[in-house]
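Presented sequentially are two complexes of chain A, the first with chain B as partner and the second with chain C.
Up next, the complex of A and B:
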């Protein structure tokens, strides 16, 4: 899957039009960097952290969508639970961050397994709409339960001392916890890649993505793999939640906010392609943070104030998606004809 | 399909006279009975919300033209409703255009936007279509929030000067005043409701509507039989938007203005939930869904103590204030159960099946 995607990334396939577009984007970024270098690096790191969080949610979503054909709307709720479990473990039970980093995702994984066993497993053979709607209801339930247990007000946890300081990046300083998030997320992504691409287990899962029925005929225990992959997807989202909860904080609507953007990421990256999800997640994360800055510096340089549209960052992912889907309906790295 | 044809046969031999009149009479019954039922002491006890019920029924029924009849899932249906609401609010507050001109224009505008978007995206696969409607809805929300030219009022929405001169409000009730006559706002809405949904019903049972069902059931087969699937989807999308805007236009007067929440994704999600909850398979399904959703919302949020078996003979008192503040949890549960039992039947399908089973048992037929 992703070896072929890596090949398509090669510069040999880049057309003249593509080169012009990328050149223009690079030029705009250079202008923005020249105008405000400190802010640029700040926003770049912000976009990286955001993008990594999106990737962590998108991986599980993409695995579940590719393998089970279920649009798991409740995946954002699992992400949110990761953050709230961290709060429960750290702020209420007084455990250290490092324990929470391991335990909270596992708990989220168990919630994911419960979801799969109790509800979603009955919907594998139904049309995709049924799974989407059931997950929609589950998301609503988890969100309301979260409100009931932890309340409506935004919460946060105390960052551990090691991560509380700032790291010096010459033009600006960045909180260590954000860099830590990026590193953990990168490790998780690497681990998922190795699991899917380099192990027999991953091979059987990929066979299931290609043709679930045939893989079953060949003696692969598919239901067990479904549960395991659902667990894995929930754990990854949980890790994202722990990192987000520690670095930024949490509120009961964060699941809903993130799941929509994450769908955008999965669709832009191409449904069924993990590599596409990673690329699209980082792309959209950076676009959200850098577009306002680029527009602002462009407005400064050209003197046209109207270019700096306030709040454009939130709209960028959707514009990117509309553009990508109209030009290339399968997404950046999706298989042609898959769910089209 | 087979059930429809048997009904047709029965109609022809005169076994079921109600046949064609079932839906018009049902709509009239909903319009006439809704307010007395809602305002009964055992129910909500206050009639003011009844007009909102009817308006949301129009909106969710328009969505079901997409989901139930054509099999298209739009995550952005609130956008078309909101365009209707905002068009009228802008026309009244900034442009001094009379309501009766602004309302049809708003509906036309909404339909036009839907037609253009539909032309662009109607042929996309299920998930892609849903995501693209979401993206367009987000864009519409962004534009209204951005407040171009001070027209849309940004986050606060529009409230000043958004009520036409012939609307009077007193003690929470709204009246339409026309040349000396004073009609309750509810009856004005009820008239639009009956006419609007009758139009929608005619659309659904016309050859056009039947073709939409064919597209939903088997797109490849429909295409091979010469149906231009894309064009039918585009027009279904356009009509659904027009009816949603009709609801949105009424909502503008009902809520006295336009707020940003009318364009939000959450509202689109609620529309989907209401349609599925009621039963997307039935014309009256969305109406049932709106009733359940809004009734539960209104009822449970000011419901405090459950006294069993009766208030007069309290044997058991259960304090529920804390739990029922989170009524959406139970709604989510109901929703999950409804989808697990049958994704397209909803509460209306469940009720119909129960009635059928009971009547079969009463008549002594074996199941």
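Up next, the complex of A and C:
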């Protein structure tokens, strides 16, 4: 029997069991909600904010990986710069949050372009490891520069008054700034979707992701698009940084922390699939926040205390990745045949 | 002056030189074939002409319509009116038929009407919104030709258009080659391993063997000279 028919069989069996799995997950979430509705909504919003932040970083990482074959480990550093530029603009120069929300991502975009023009563009035709190492080096340089300029201690900015209040969600209240983050992230994702799927520019980028050389044979100047996409990816990560810096704060290792999980998001979503990155980012964001709660509720309901594994949240992204890759090596929405 | 002139072309890869002093001329409105065995240097010649990163051209010159192609960026070459339909078709599998054609039209200086391509290739009309990856090899080949034709080229480089296709589709591709050459005034350089296709479509043939152009023959001579075919093409 060929491997493909074996795989088809495996998937068929899985989708038969799929309904049961989803049913069980829904039931667990319902139990958790019933036990502690306020906390559940809190954690759900937390997962949404976290997931959206992951998505904002993952979009750029995924585009650059698909287009150039480079795992841009410095992408997390760009996210971090978004936060620190916000601090610089707001706390040190006294500008308003709204100005920072626009200016900081653009500045991050320029850093991204400098990164591409000065370093990474020379490595496109080298083995992938060269680009990876160079990007890793860039990440460390930016991180240490950040430490040198803004110091080692965590920083935060004063949330603008209009976002500082809480929104009443019946069972709990949620800081408006977190809801604002979710809305801005959702708008950015929508804008990226429209750009990639509905414009001629997006069409040429999608073609370039699939076959860069052939796109060139059709007269498309791919290097110019690489710069533009790098700029765009950096701007989006920068927006994520502004939102994170405003809602939570910042420290010089936040880029490193996020880039690892973001890479997990891209792999789970399927390399080259932006839609996959969005789904995987939200999935992992929610899983990180809801899993501990679900397990604790389960421990409460059943009386089996061992179910509430301490610190499980940090492990969840990797557990999700292992599970998804075992069943589908190309990721949720990866290109057919990739890694299979 | 010929539309396409290749002079004394040396080209190769890191692993070694492949082309040795290749000379080749294609006149306006001609259909010329480049015939040779696997690995003889046919695709390397095509890739050198369109300015691909690989192979590296080490010597000689390539001129198209008076332009020095070796001094032209690869992505500017299509706008001179020289279009490649590559080996293995290379349609963008995730893009729909319409998107594949629209993409090419969008980056051409003076494109043809995208809608007119569907009249030109009725086979594609029923599958406008189908991703190219879900098409048969013959359909993909037609899409690849449509994608090239929509840019309104003076000349098309066709690299093994009939490879792996069923005989009745090969006939259809041969007809298309005739039509775009005779009715639409497009010059064609055709790379083939299939001598029958070259005989049916081309006016003149270059035989390439181990990176050297070993002969230039008329269709008549190629049809009659079995020893020639045997020696250089193994048929």
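Just so it is clear, the second predicted complex is superposed on the first by the 324 of 340 C-alpha atoms of A that agree within 3 Å, B and C clash if a C-alpha of one lies under 4 Å from a C-alpha of the other, contacts with A are read in each partner's own complex, and residues count from 1 in each chain.
Here is the rule we go by: a contact is a pair of C-beta atoms (placed from the backbone, for glycine too) under 8 Å apart; a residue touches a chain by one contact, two chains touch by 3 or more.
Keep in mind that what you see is a predicted model, and the values were worked out from it rather than measured.
Undergrad: Name the contact category of A:310: first (chain B only), second (chain C only), both, or neither.
TA: In the superposition, A:310 contacts chain B only.
Undergrad: For A:122, decide between first (touching chain B), second (touching chain C), both and neither.
TA: In the superposition, A:122 touches chain B alone.
Undergrad: Using the touch criterion from the header, give the chain among chain B and chain C with more contacted residues in chain A.
TA: B
Undergrad: Once the two structures are superposed, pull the chain A residues common to the chain B and chain C interfaces.
TA: none
Undergrad: Under the definition above, what is the set of chain B residues touching chain A in their complex?
TA: It comes out as residues 73, 120-121, 124-128, 131-132, 134-136, 138-139, 142, 145-146, 265-266, 269, 272-273, 276, 323, 325-326, 328-329, 331-333, 335-336, 339-340, 343.
Undergrad: Which bits of chain C are touching chain A when the two form their complex?
TA: Those in contact with chain A are residues 50, 52-53, 73-79, 84, 86, 90, 92-95, 99, 102-104, 106-108, 133, 147, 151.
Undergrad: If you look only at chain A, which of its residues touch chain B in the complex?
TA: It comes out as residues 71, 119, 122-123, 126-130, 132-134, 136-141, 143-145, 147-148, 256, 260, 263-264, 267, 271, 309-311, 314-315, 318-319, 321-322, 325-326, 329, 339-340.
Undergrad: Would you mind writing out the residues of chain A in touch with chain C in their complex?
TA: Contacts found on chain A: 125, 200, 203-204, 206-207, 210-211, 213-222, 335-336.
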